[in-house]
Amino acid sequence: MQSTETLFENIRNDFPILKRTVRDNKPLVYLDNASTTQKPNQVIDSITDYYQNHNANIHRAVYALAEEATEAYEATRDKIANFVNIKDRQEIIFVRGTTEAINLVAYAWGRTHIKEGDIVVTTEYEHHSNIVPWQLVTQEKHAKLEYIGMDDNGELILDDLDKYLATGKVKLVTFSLMSNVLGTITDAQKIIEKCKAAGVLTLIDGAQAVPHMKVDLEKLGCDFFAFSGHKMLGPTGIGVLWVRKSVLETMSPFHGGGDMIREVHKYETTWNDLPYKFEAGTPNIADVVGLGAAIDYLTKIGMDNVREHEIELTKYAIEKLSQVKGLHIYGTKDLSKRGGVISFNFADVHPHDVAQIIDEEGIAVRSGHHCAQVLMERLNVAATSRASFYIYNTKQDIDILVNSLNIVAKVFKL
Amino acid sequence: MQSTETLFENIRNDFPILKRTVRDNKPLVYLDNASTTQKPNQVIDSITDYYQNHNANIHRAVYALAEEATEAYEATRDKIANFVNIKDRQEIIFVRGTTEAINLVAYAWGRTHIKEGDIVVTTEYEHHSNIVPWQLVTQEKHAKLEYIGMDDNGELILDDLDKYLATGKVKLVTFSLMSNVLGTITDAQKIIEKCKAAGVLTLIDGAQAVPHMKVDLEKLGCDFFAFSGHKMLGPTGIGVLWVRKSVLETMSPFHGGGDMIREVHKYETTWNDLPYKFEAGTPNIADVVGLGAAIDYLTKIGMDNVREHEIELTKYAIEKLSQVKGLHIYGTKDLSKRGGVISFNFADVHPHDVAQIIDEEGIAVRSGHHCAQVLMERLNVAATSRASFYIYNTKQDIDILVNSLNIVAKVFKL
Amino acid sequence: MSSNADIYHEMIVDYSRNPINYGEIENHDVTFHDSNPLCGDSIDIDMKIDDNKVTDIKFHGKGCAICMACSSVLTEITKGKSLDEARAIEKNDVLSELGLEHLQAVRIKCALLSLKVLKSALYTYIGKNLKDTGDVDKLKEEAANLY
Amino acid sequence: MSSNADIYHEMIVDYSRNPINYGEIENHDVTFHDSNPLCGDSIDIDMKIDDNKVTDIKFHGKGCAICMACSSVLTEITKGKSLDEARAIEKNDVLSELGLEHLQAVRIKCALLSLKVLKSALYTYIGKNLKDTGDVDKLKEEAANLY
């Protein structure tokens, strides 16, 4: 076995885009992994191979290609079950991404179970995709949406949760396992414990967690779990919703159409078995296959190694960035409680201007509200700059980032 | 310019999968194009190139890759506008496929506009994806779903439409431009004319039409139009919903999340401009790019040539199949009224058995209800076998199909 | 995988044209209907049950040759069995009878649809008449996970 | 495309720290708010209008240096203009003033947000006070399709 150090050195060779130069011939330094990740050859090739050799519509046909395509598609379901420890593959639904997953729950579970006066609880550091669907359904049902507050360290104030639970009106508590802005790792175990004691269901937005740390759904004990393929080396257009069977069985269908039905008659229809009841229409077959390849790739590295690599980078980055005069980092500095996402502001320079100036140096960081405007209001800022790491990033990437900030300082006469 | 004949001879070289053999070393004869089509190198390569060179999340970021990815993504919107003649690119919404498109309309338009006692009209030859969403929304709203009947020639009985329109209660008439079972080309112009006169909106399911004939939305004058990329050489997981702006502006948002918002506050949210209001979350960027390459490919061939090629194949196939004793072809024989889809039954042999036996000869045809059980009931059959053609099919493919039916006859002692 | 030439042997072709135990039982003690969402095959099974024994069983519906042949064989196997014996019937009891052990995944669903319907009919009957629910759940699960 | 070094010249940096016409007008005749959904830049414009003339104009909000500088320049250009002149202001009137003609697509939205808000404020005012709706629709469309 190779050492983890060599492992991570060799990884970059698998990612063709990292050989690119941008702007004025600068090597690409990609630090926007919380937004989307790059793809290794293994994933790209799996999609090519699917189209070159096995493409067909799945489930229904008898012929050879359809058999191969169906097998490849369903194999990914098993890989997912293994990867995040799901016992029953029928609980795994393919969706476009985390956003569709959460909206599916809001429509197919929420519209049936949330009634007037009920409460849905979310948190102040959620991505818009875990806020807006709940605004829509609670408004429609004359229910309420409440927020678990965040302390100045970027951690949730769980006393708020106790307060809401005490009303006896909470139907669902929904939260991300890792904040996409601050990197905070939520104490899911504690929240779920409280919710279970109160008989309340829990939804976890795992978009930032699944790509970056070992996640065990059996151990977590939540009821809904969502994540996106494109943030974990997989293709765009594919994601996963997991729902505990006993809850899934209480859900109305979402999209009507092919593959989700058992029998269609003119005026009545019966539904297919799980999970197909929730997978209407031709699915994104090729990208399901690609997601399978991404899971294989991550499994081979080992999620504990991924996490360790990112802790090391985050530690280094916080050290280096803290030395830049006028630079403020948000969130906790306790590395055991955060992932490889660093949001910062640099003196009075607007994050857009920071991003644009360092883009000229080949650096890709995100600036803006990161689809977390409620959190921006809480932090009392319009925007932040955000650097986020993945398996192919190096300390050198961070050095280049830190150096580029000198140019910003010069332009803005800091 | 090459002649159309050479054009279609050379096309096969662009499709790597057509070089495959299946089962007992038989060359693949792919005749399930109504279900999904194969992909040319040009499409596969565009996806690879996207991931190898340009992959980033779109719209929000400042850096070089994000700019390139956004440009590639938005370029496809313009290609679509050109391809089916749409004047305003803001009316084009990316979805997973036809099924999601129709469900989006059922949720975001239907749930707002369909009231108790209203009528939605569909047809007896619709795909489940243009029936089930309307069953769901009419049941929820205590409205009614009615069907335009089909005559024995496989054409719609438009008197039924007149009858429903006369009630003054119809809110929407929805129909496919080409049946996926019989290949019937619907007289859309006449239906839309009647609906317009009655002030009723129309939705066209273009899943089977767009890949196979020139479609001009400006000329058609419908209000909603849906189609799937994977049925027109494009990747799986991407499709298009077009909605006339004046109607789109009356629609509630569908999915809540990133990219579809203007400003999110804790208890209220405002929406982004069209079409982004309806594109929540990270879209299927790579496959949007792939769909653009598919449109380029089809444009280069010319849709009139595609149609002509398929008419020729269909004519040949009907001739040849009609000579097989005991074989019954459904639908009209008038080639100007049908696309390259041929459904048939062979004596008393169940279509599954037909499909399985000829699969051994390398032939991929679909057998079953083709997601059109209402039509199966109308035809009074449990299932049919279906051969459907595309640009890479040849008369030789049809010969192989016809010969393989001899084997079926032998096994079943016909 | 056996080739298709093997699969469509005489017995299957014959059963498909002349299924046995085909029809309905008027005074059945239990009946169950299910269909295969992917292909549209659709089967009903009716049973007479006396003294915990399947005294009569018939099926009807639409399906391919494989489905018809397997339904014929399954009902033939089941007739006369006790409930305990009937619920112990396994996939291979049906498949091996027709040499279909290596059928491909899509077709397995055609072959086993009637077994699924039988198991569902059994748990329906047992649940209603014998109130031994723990076991019924197991049977239900068995039916659900047959293929 | 001009390089970023060119874009961030002294004038822009200065304006970003010391925007002109920054603030609110208490007795405004019209006000409008809009934001850029992608980056969160957010601008309000207030105007005093007398005798079909923009006698005073101020903006406030949050935005990057580009947004602040362009808002400063735009309000400066607009002040004192007749309504007809104001509605005739074009992208390049603002961009060229700051040498930003070749700004990349994403940043164009930062640069022109205030122009969009100005056009929106104008059609709001004209629609309310002058009832010349045909033209208002054109202006509305112009605002909507600015970038």
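First chain written, first letter: the chains are A, B, C and D, and each begins at residue 1.
We adopt the following convention: contacts are C-beta pairs under 8 Å (C-beta built on N, C-alpha and C of every residue); 3 or more make two chains touch, one makes a residue touch a chain.
On a predicted model such as this, the values are computed, not experimentally measured, just so you know.
Under the contact definition stated at the top, the chains bordering both chain A and chain B are C, D. More C-beta pairs in contact connect the chains of B-C than those of the other pair, out of B-D and B-C.
The mean-CA centres of chain B and chain D are about 44 angstrom from one another, to the nearest whole unit. Spacing of chain C relative to chain D, judged by their CA centroids, is 74 angstrom. Annotation: 37 Å between the Cα-based centres of chain A and chain D.
Among all residues of chain B, those that touch two or more other chains are 60-62, 66, 259, 261, 263, 352, 356, 359, 367-368, 373.
Multi-chain contact residues of chain D (touching two or more other chains) are listed as 38-39, 42, 107. Contacts from chain C toward chain B in the complex involve residues 3-5, 7-8, 13, 16-17, 38-42, 62-67, 107, 110. Across the complex, chain A meets chain B through its residues 16-17, 20, 22-23, 28, 30, 32, 35-36, 38-39, 43-44, 47-48, 51-57, 60-66, 96-100, 102-103, 106-107, 127-129, 131-136, 145, 147, 228, 230, 235-238, 253-261, 263-269, 280-287, 352, 355-356, 359, 362-368, 371, 373-374, 377.
By the touch criterion stated above, chain C contacts chain A in their complex at residues 35, 37-39, 42, 104-107, 144. Remark: chain A residues 24, 348-353, 356-357, 359-360, 367-369, 373, 376, 382-383, 411-413 touch chain D in the complex. Residue ranges on chain B touching chain D, taken from their complex, read 59-62, 66-67, 70-71, 259, 261-263, 272-273, 276.
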